[in-house]
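Below, each structure is written out as structure tokens.
Shared chain: chain A. Partners: chain B in the first complex, chain C in the second.
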Partner chain A sequence: MSFLAFVEGPLFYIAAAVFLLGAAWKILGLIRLGRRPDLAPPRGSAAWGFVRGNLRHFVPRGIFTRRTWLHIVAGYSFHIALAVLVFFGAFHIAFIERLTGLSWQALPRWGFIVAAEIAFAGLIVLWVRRISDPVMRQITRAEDHASTILTFLVMLTGCLALQESHASLRAIHMLFVDIWLLYFPFSRLMHAFTFVLSRGHSGATYGRKGINL
Partner chain B sequence: MRQRLPFIFSEILPPEARFFAEKSPPPLAGARTARLFALLALLTALIFTLAPAPLLAQSSVRPPGNAVTFPDAPEPGPANTLGTRSDAEIWDMIRGGSPRDPGVIFAPTPEGALMTTTGQQWRVLRERYIRKYAGWAPLAVIVLIALFHLIRGPMRLKEGRSGKTLPRFTLTARVAHWFMAVVFILLAISGLVILLGRVLIAPYLGREVNSALTSAAMQGHNLFGPLFILALFWLFVKFVAGNFFHPHDLKWIFRLGGLFGHHVSSRKFNFGEKTWFWLVVLVGAVIAASGVLMLFPWLTDDLRFLQLATVLHVLGAVLLISIAIGHIYVGTIGMEGSLDSMLKGEVDESWAREHHDIWYEQITGKKAHPETPKMKQEGAP
Partner chain C sequence: MSDKKENRAQIAIEKFIEFTDGEVASFFEACVHCGECAEACHFHLNTGGAKYTPTWKLEPMRRSYERHLAPLSGIKRALGLVPPEVDEAMLTEWEPLVYDSCNMCARCTLVCPMGLDIAGTIRKMREGFSAAGFVPEGLERAADFVRKTTSPMGITLKALTAQVRRVEKETGIEIHIDKRGAEYMATFSSMEVMGYPEVIAAYARLFKRAGVDWTISSKAYEATNVGVQIGSGPFAREIVARVVEAAEELEVKYLISPECGHAYGAVRWAGPNMMGRQFKFEVVHIVELLDRLRREGRIPVGRRDGRRMTLHDPCQIIRRGGLLREPRRLMADSCADFVEMKGAGVTNFCCGGGGGVSANPRAHDLQDAAFDSKQAQLDAIEGLEAVVVPCANCRSVFEDGLEAREMELEVLGLSELLADTLADLEAEDA
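Then we have the complex of A and B:
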């Protein structure tokens, strides 16, 4: 078995299984933690607060917008462009189709390149802000750097293999994808799923107290 | 008599060359003449076969790889020889100039020439000079810095850290700086692999590895190139204020930036920092423009612009990489307290007094040193 076949085959299936089961286990664990019982009579809807808390956090607060515009722009750029790359890249769709039989319209090559530029710009800005903002430096752990660098390497190796001229480059990309999937459930990369619970928890708590977020 | 020989050949080729360039000999009068020709041909072939090749090698000038072979052109010579098509004089005349004259590299196409030679000249310049020597510049800078560090040592704060800090760069300025730094390093690594892979990687790791690395580097370089333009623009906007040259900078030049012990007063940016800033902006603009031209070659239909673009791109990049190594040294281990300005946005007051005393006096209103002349004497507002 070639290295490429290994990283696209057995290792990928193991990594995908760890990713799915690990993420599900962590999310269920968080849900099972539940909430402290609140004996005070409710002044509003916790469920509506959950939804509102999630939606409200997508929009920057007026008074903070000027100070936080950089990471708002970089954050949106990176996450949206990354999603576009993952789900609309022709190579990714072909890979998914090979595994599941599902397929959909892919981005043209120029669209993929533009999305990659935006994603890289966003990720680099987010990371350099992390190292140059004193507050961010205080709340940053080594794990944050590891997650960022690993994500960067997955994106980078993918783009370096764009010419599709060497199987070794594709294999390196797939290796980093597998490592990323294995690392995901045990890292802060889980924020991709847990942000809904986090925002929802705050929103529900405030919503039950009748606080207008 | 000329048969099916292109007009331009007939005009520029010398008589002996015309003979070789013509497909068929004139019609023969009789069988005797034919036998005579056959005998002469056999004798010539025998001489060519038996004679030592070095004595008969006509020239080291080979036709370019993309040279068109006319159907009525003579057959190439025997193996291990350059053949009749390699006559130096013929190719010199076809080119319309001397192939060894570097002055024609970017000169207009010689009128009446059959082909342009800039491609060959560009290839020679790239292979024999740029690829061969470009890597030495960054290496030389590293060696010089290492020697300087060993002999002179890092520049320590004479008064030590005071514990009090002054704000120097805003968060967006720092992010702009680090954004440029990350993109620059990625482009430098990928660019050096593209440029020097054949010289430094292929002989040691093999052609296959070099091929894969070069393919990857090319994709990465093309990807991060546009981000460099964005970073350059951002850097310019954030740092242009304070980076204009001032008569006061002459003192810094005359004292070599205080490299050998003399104190030099400085504003927010000293002459070295200003020069580095403008080099990044101006040379970076050239690199960016030439890079765009290479990324979108259809922007011009003149091949010479593309060739010029590759040369300027490489020379500019090697220059910036070499100076960037010095910049990184001074910004990190070379000067105590420098890194704080770009990591925290603040610098120690001792650092500000020692290295940017006029700036210190401007923002604090205090004297940096008792012996320092008053701010107005230094030209400060």
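Then we have the complex of A and C:
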């Protein structure tokens, strides 16, 4: 078995299984920890607060933006562009089609390159902020850097593999994808799922009080 | 000594874990250390201190969670990837961050992309600090006063009765103490009783006009809850229980929470959970009640104050209490030239003294630094003559802050402002 076949085959299946089971285990574990019942008579709906809390925090509040605009722009740029790359890159769609039989319209090549540039710019700005801002240096832990560097390497090797000039470049990209998937449930990367719970819990707490935070 | 130290840390860790439910755990899991919360925190904004970043203040509890409770922590522990155990040195270092530099105002929740309720989590984390004996001396002293007199300022029933009699004489209105079967039972903060007795007079005037049947309990006239500020669940429950039992003994239908932020949160939102049951009466904040009476037409529209005024939003009443519109409607009815501060409403700055900070002399300089944000908001309103502060604790912080800055600005409560609009009607009646 070639190295490419290994990282696209057995290692990928193992990594995907760890990713799916680990993430599910973590989410179920958080749900299983429960939430203390609230006996105070409500003024509003906790369920609606859960939904509103999730939606409200997508939209930055204007009063803070003078101080937070860089993080907002870089954060949204990176996340949206990364999602576009993952789900609309022609090679990714072909890979998913091979696994599942599902397929959809891919981005043109120029669109992929623009999205990649935006994603790189966003991630680099976020990382430079992390290593240069005193607040960020205070609160950053090794695992924050690990998540950033690993994601950067996945993106970088993905771009190197874009030309399909050499199978080994594609194999290296897949190796980093596998490592990223294996690392995901144990890391900050889980925020991709846990944000729903954290926003929802706060939204429910304040929703009961009749306020939308 | 060494065992004792380990035990103190162990006590704190056990409390941290006890209070880490799915809600708190989801906060720890979702936080990406983006630092946005620092941009909402008046302690960071006015000192530049990175250690005042709200999420950093949660570090001991987060560390205990990741080490002992987090899903998949077993695998990380086997690989040596869990954080080190919380020890006494860490608790000592964090105690000022947890008590001196957090008002539990929840402004950071607004800016957090993950919506972390850091204020609520600090409240839970204080349970660990309190149980392990890491509490500021000032708060301990207030707690001692409460144990001895039921008041954090040591106000006795005798002192309250004297103030009530004085108010009766001034207003000519009888105020009942321990009237069984009254519809409403009013509570106050000690600061109101001794520092701002005009609040009691305002209640008497407004309730007489509205035909409200009310009383004060000789057993529970003090509504503030130092147990909540310290983070001691059992002590907080004891204080709430005294108020609840007194209200149920007097068979009132409503308990009036005073113009005090944390008193409202303690009895309205946390109270039933501390007691483990719902109450036989409804808790209503005085601002909520006055707004209700006004809307029902039981308090008529009087002569509005013509001065240029603004409104401070006490965090525990507005942002964490849910009473956003009520004070604004009352302001519009009572003030002819009401101007909102920049950032008013849910995003308003805390005064800097909430969450027990004003009762903690060690935190005085930090509190004063935090008030710079308030000063900037006030300075931005041209021709401002008075600020309405519907919380006695915030009010005393405002008075200190304004005096330190030599700012000439009247500070008054909302009940008094509303009561004063009735002056002409009262004169006609007389």
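Criterion: the second predicted complex is superposed on the first by the 212 of 213 C-alpha atoms of A that agree within 3 Å, B and C clash if a C-alpha of one lies under 4 Å from a C-alpha of the other, contacts with A are read in each partner's own complex, and residues count from 1 in each chain.
Rule of thumb we're sticking to: a contact is a pair of C-beta atoms (placed from the backbone, for glycine too) under 8 Å apart; a residue touches a chain by one contact, two chains touch by 3 or more.
Since the model is a prediction, treat every value here as computed from it, not as a measurement.
Once chain A is used to superpose the two complexes, chain B occupies space next to chain C without a clash. When the two complexes are superposed, the chain touching more residues of chain A, out of chain B and chain C, is C.
After overlaying the two complexes on the shared chain, residue contacts for A:Leu102 are found with neither chain B nor chain C.
By the touch criterion stated above, A:Val125 is placed in contact with chain B alone, chain C being left untouched.
By the touch criterion stated above, A:Gln163 is placed in contact with chain B alone, chain C being left untouched. By the touch criterion defined above, A:Val59 lies against neither chain B nor chain C after alignment on the C-alpha atoms of chain A. One geometric descriptor of the composite model is the angle centred on chain A: between the Cα centres of chain B and chain C it reads 120 degrees, in steps of 10. After overlaying the two complexes on the shared chain, residue contacts for A:Met1 are found with neither chain B nor chain C. By the document's definition of touching, both partners, chain B and chain C, reach A:Pro134. Between chain B and chain C in the chain A overlay, the least Cα distance found is 10 Å. Contacts of chain A with chain B, set against its contacts with chain C after fitting on chain A, overlap at residues 133-134, 137.
Considering their complex, residues 171-172, 174-175, 178-179, 181-183, 211-212, 215-220, 223-224, 226-227, 230, 342-345 of chain B touch chain A.
Partner chain A is touched in their complex by these residues of chain C: 20-23, 25-27, 29-36, 38-40, 44, 50-51, 53, 55-56, 69-72, 75-76, 81, 106, 109-117, 120, 268-273, 275-278, 282, 319-322, 324, 342-343, 346-347. On the chain A side of its complex with chain C, the touching residues are 22, 25-26, 28-41, 43-44, 53-54, 56-57, 60-61, 63-64, 67-68, 71, 75, 130, 133-141, 144, 185-186, 188, 190-191, 194-195, 197-203, 205-206, 209-213. Against chain B, in their complex, chain A makes its touches with residues 70, 113, 116-117, 120-121, 124-125, 127-129, 131-134, 137, 156, 159-163, 165-166, 168-169.
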